[in-house]
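Letters A, B and C mark the chains in the order given here, with residues in each chain numbered from 1 onward.
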Amino acid sequence: MVPLGGQQTGNAMGQFILKRIGTMLLTALCLTFVVFFLTNLFPNLEKLAKTQGNARMTDAEVLRWLDNNGFGDPMLLRYGQWLGVAPGWIIKDEESGEIIGRCIDFGMDPADAPRFCGLLQGDWGYSTVSDDEVTNIVWGRLLLTGKLMGWVLIVMVPSALIIGVLAGMREGSRMDRSLSTASIATTATPEYVSGVIFIVLLASSTAGISPWLAANGWFEGRTLFLGSARSAMDDITFWNFTLPVMTLALYGMGYIARMTRASMAEVMTAQYIRTARLKGVSFRNIVLKHALRNALIAPFTVIMLQIPWLLTGVVIVETLFNYNGFGWTLVQAASNNDIELLMAVSIVAVVVVLTTQMISDIGYVYLNPRIRIS
Amino acid sequence: MDPMSWTGTLGPILNPLIVASIAVFFLAFLTQAVMIFAGMRPGEVVITPDQNHGISIPRSPVDYTLMAMKYAILVFLACIVLFFIAGVFQSDLTDQGVVGAVGARFLPVWIALIITFTVSIRFKRVLGLYGKLFDSPIGMVGFFLVMFWVFTAIFAGLVATHGPIDVISQMRNEVPGAFIPNSNEGDFPAYLLGGDNLGRDVFSRMVHGAREVLQIAPAATLFAFMIGITLGLPAGYFGGKMDTVITFIANLVLAFPVILLFYLLVTPEIVLAGVPQYMSMVLFIFPIIFFVVLFNSRYHTQPTKRAILLAVVLVTGALCYFSLISDRGDSDSPLRFWPEVLDIFDIPGNLLIVFVSVVFVNSPTVFRIVRGIVLDIKTRDYVAAGQTRGEGPWYIMLWEILPNARGPLIVDFCLRIGYTTILLGTLGFFGLGVDPESANWGSTINEGRRLLTIYPHPPLAPALALMTLVLGLNLLADGLREESLKD
Amino acid sequence: MTQAVETSQRVHPAARMYAREFKTGQLSRREFLVRSTALGLSTAAAYALIGGAPASAMAHRRTPPMGGTLRIQMEVRALKDPRSYDWSQMGNITRGFVEYLVEYNADGSFTGVLLESWGANEDATQYTLRLRPGVTWNNGDPFTAADVAANFEGWCEAEVEGNSMATRMGSLVDPDTKRAVEGGIVVVDDLTLQINYPKPDITLIPGIADYPAAIQHRDLIGTNPLDHGVGTGAYRVASYEVGVKAVLEKNPDHSYWREAYLDRIEFVDLGQDPVAWLAGAEAGEFDMNYETVGEFVDLFAAIGWEQSEVTTAATVVIRPNQNNAPYDNVVVRKAIALAVDPQVCLDLGINGQGILAENHHVCPIHPEYAELPPITVDKAAAFALLEESGHADHEFEIISIDDDFRRKTTDAVAAQLRDAGFRVTRTVIPGSTFWNDWTNYPFSSTNWNHRELGVQILNLAYRSGEAWNESGFANAEFDALLDQANGIQDADARRKVMVQLQTIMQDEGVTLLPYWRSLYRHHTPNVINAEMHPKFEINVHYLGVAA
């Protein structure tokens, strides 16, 4: 345990972050190997061969295809190739003398090709299903999901905090009970239920409120909101992005609100708040000036930890609303056993999870002077 | 024949009441919101300034709106209950109406619930934490919802009107309360909540779905808890290298996005590769270890009792364990030496992988919770006292620390069952691993959402069921937490 | 229209015979068109023979205004060598730049695209193909008979993995060398090509109108058109993102041999879930749907889209694979057939949008279809048969893809078998993995697209040892009769053989085939020439949008 304070704090924090980054790399290494292992099990390779080559290949042809495409080496060696610590495979065609290899791009002279081409060299590999470089795919999709997550956080965090603070400032009051029950109800409604209900109510031209509004001539177009977020990929509008954002935000909101409520309720019973009340400080001032800062420390960590948790929701929502972002790519890559795309997807996911965990820890320390780094 | 009405003969009397109560509720809610915005407050305690210093709570207009809301809800609930009661006593379906008939079908569940609640409330003072639950209204509501579905699952055969996969093609997409054309003598003559797009009874599928959901989710959660406890206790108690390693592995699993893990694990290819068998080989050994250590540490001073208990645990444990992981039909099974005679049951690969994955995802969180609690409790005096008495570490962990950690664990258990239910639904949503015709709520919702805009009833029934069950579990957890904190 | 097709000078005698049959009412207009144009008559000439109005497909087509962008909702799959295309969608995108020799029209007739005309000799062993003059590749090379010959050679390479054209080439493929027979493909002059079959074959023209028969440049046989972009069509690929979107735009560097109207066509992929299509349509994300299925037909109509419908020989087969026990036992197969009522499958599977079939793969709209007595359903007798076979305790696992009508039809079959007392489990496999092993599942359902002639499907899917023979049916008598049918040009004469073929299929319980589907497409009212095609074809050159 190192107490925080002065010069020592900087060192301790630096060491702490270094240690965390070290753990993060180790975790990422282990996890990518697990993903690699699972995607490279023989039945999965067979599936890959058949989707890439031909659905009606015989077992012998499958083996031949796998050998010819660099899947013949032992798994550990291929993991090394992917990582960039083992030289890429090279196969020479006996008949034509043509040389193909992992590091030899189409039309490149084999002599010019680098020996290593893996993650460490910045080569993320090739997506078999999209027929494109993984890097070309992942970043664009990630940007789309980033936008979605950004809006979700903008909507979710303030409303969750407000609900939590309102509920927690008078524990046991009627407002507390109704807001708490409401937040429990949102956590009990998974995205695949709420998304579907939203679409029916707000984005269907035959059901819900849209036909009624349209009959009164209150809006242009077919439905009030759009039940498909495809157009939001180019241009986000209120009408095409509200439903996906709401669906995602609603499920996460309840949890943060309950954490905030618990933390707020605890703070409100603290000694210094009681003292302030006895001194005659108005309730409004107590809440805003004294309680709020301390009450928001715990929710902060929860919010950060909520981000990786939202990932499942992102996958559901992107599938439901046809928004081709990161979650959608994950589904495509996983269901087609697109190994290198899936590896990239899992790296990104793992980095997101671990970074948010680290930020949450560091933030917790900064916000709460009583905590020491262990 | 016309489909039966929603409310039957009582409808004309009670429907206006219901509509009125809803209208009053919303009006009162709106007025109250407006008044609060305008700065009005509900009445606060005032100490009357006369000599008695009596306390009075003057009613402000806000209080009257709140009262109106409360009574509106009560009237609404009373009407529904009346429909149910009437439904039980009326014999004709048309008289009962859909609401009444559904209420009547649930009769066994009502009886069981009434008995449970009467007995529990009567003896709540001697029932410990469970009894205290009946002091908390939230906990009671939660318990009611959960037990409703538990009893529904138990009595599914009595409650359901048809089989979960019985098809009557004329009943495709029929509205709730539709009668079956030329139904056979003895068959239930109507689809209470309508038919889905294959002509199956939505009501019966919902009821049987409860059975499927409540079979997997609690069992998977229980396994996750046994694994989490078996690993979390020593990790927290001893610390050291083992703690570091297990914690690292747990964090590893937690860093895996759940959905990616499911997509990697719950596929036909993975089942083909035998991964579920290997995983269950590792995971299901923990419950046996748990029970062995549990009894061993308790009775190691009484050798005969210990021997008997251990033998029972080991024999049944091993029998279940090997039956579970070896598969008669599968020649690639990793455990082919297990004799077929002793292979009492087989779990199909796709169900096993769902089960294993859910356990796998949940246990690290449980592990972290247990470890955290142990780290806290082991500094307490009674643990130190136990150590000085010379009690073994396992005895202290299992019989001193664990009972004192039960509060948070029970709360988390309830929450986790709800979370697992949602997780299973997610799997159904992506069509992973579930039996296609299964009445599982998640997959039924997913199937029904395709035609939601024209036929909303097939997915709505299981969606409401899922929501109420998870809500019930959450409320129950909340009530338990509240009550256990009062200790 | 400028593209009036010239007929070969001589009207084929069989065509005259068809015309007589049509006039006496033995042939429907559609059947007449299929058969006479397959023999080389232009649509106009065919109509002339029967004295009808020249209401050709092209005459139905309106001339759209120039310009505009059209968005089509369709799957965007990774492209490959056209010979191994396995989805109509692939052809629909590349049809914008790699064209076909002949196209099949929605009314059942054939018109030349890169062919100006064609003709066959009396016994249908020799075909003369005359190329359209003045066509150039977009790399500047002229389009000649050498190009077509190279494509034919490529199609005949049976050893190329996934080359489905080889089966369509029939006896033109030498069974020993797995290549085109010696002297089978003869370049007569720059614009004339002669195809010589060792034995009669009537499926050449339908075969080369199919989507894997895209004509590639002579030097680029076996390559992916997306990689080189060389073709004769008016468009080029502007962007291609698998699973998301593909964009075609008019190629400004190429002078197309006829008019093309749209400036830009976007293929939007909204996945396989019809709910998403409807949501996309309501959100105005596309103007035309590739195909509308099941209940969504009514829903799309309800939002004001124009509907176009075509009855086809597209269907679903739910077949046991005879290489797996207990389906090698004919009694079991017959028991299954006896227990399933096609009407229930039609109602539950496709919402009644189709006509009843008779458990054999020849459709009433096929010219050679022979009517058999309606099939009987008797659940008690079915179970008695099953008990007789000794497999009453067998657990029947029925596999289907996780997709709307195929899954529902299979569910309906499962339910009916259960009703009859069979023990049934259902397995649903997601689309991404289903096709890996589709020919080998013990008992599963598969959708089959429309084919122009009945014998075509029988050749593809029921001849012993064929790649797509998913039922594992191997019957020497059936094969021999099929060979015989393949050589009979006259549909009436062929029908006598077909009766036997159809009866064998029923008697052997080869497959359940409950219905023939009607296909639907919807588009916004301003889209022009977007009518549904029995083989899902979209030719972007004809499409347009009204201003």
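Some notes on this structure:
Operating definition for what follows: a residue touches a chain if its C-beta (ideal position, glycine included) is under 8 Å from a C-beta of that chain, and two chains touch if they have at least 3 such contacts.
From a predicted model like this one, the values you see are computed outputs, not experimental measurements.
The interface carrying the most C-beta pairs in contact is the one between chains A-B. Of all chains, the one whose CA centroid is most distant from that of chain B is C. Comparing chain C-alpha centroids with the centroid of the full set of protein C-alpha atoms picks out A as the closest.
Distance between chain B and chain C, defined via averaged C-alpha coordinates, is recorded as 50 Å.
Chain centres here are Cα means. That of chain A falls 43 Å from that of chain C. Separating the centre of chain A from that of chain B, both taken as means of CA atoms, is a distance of 27 Å. Within chain A, contacts with two or more other chains are made by residues 46-47, 199, 204, 206, 319, 335.
Residue positions of chain C with contacts to 2 or more other chains are 278, 299, 430, 433.
For chain B, residues that reach two or more other chains under the stated contact definition are 267-269, 449, 452-454. Those residues of chain B that touch chain A in the shared complex are 42, 66, 138, 248, 251-252, 254-260, 263-265, 267-270, 272-273, 275, 418, 422, 425-426, 429-430, 442, 445-446, 449, 452-454, 456, 459, 463, 466-467, 470-471, 473-475, 478. Residues of chain A that touch chain B in their complex: 23, 26-27, 30-31, 34-35, 38-39, 41-44, 46-47, 174, 177, 180-181, 184-185, 187-190, 192-193, 196-197, 199-200, 204, 206-207, 308, 311-312, 315-316, 319, 327, 330-331, 334-335, 337, 342, 345-346, 349-350, 353-354, 357. Across the interface of their complex, chain A is touched by residues 78-79, 84, 86, 161-162, 241-244, 268, 270-271, 276, 278-280, 282-285, 299, 302-303, 430, 432-433, 435-439, 467-468 of chain C.
Taken together, the chain B residues at the contact with chain C in this complex read 165-167, 169, 172, 197-199, 267-269, 431, 435-437, 449-454. Taken in their complex, chain A has these residues touching chain C: 46-47, 50-51, 53-57, 61, 129-132, 199, 203-206, 221-223, 226-228, 230-231, 240, 319, 321-322, 324, 332, 335-336.
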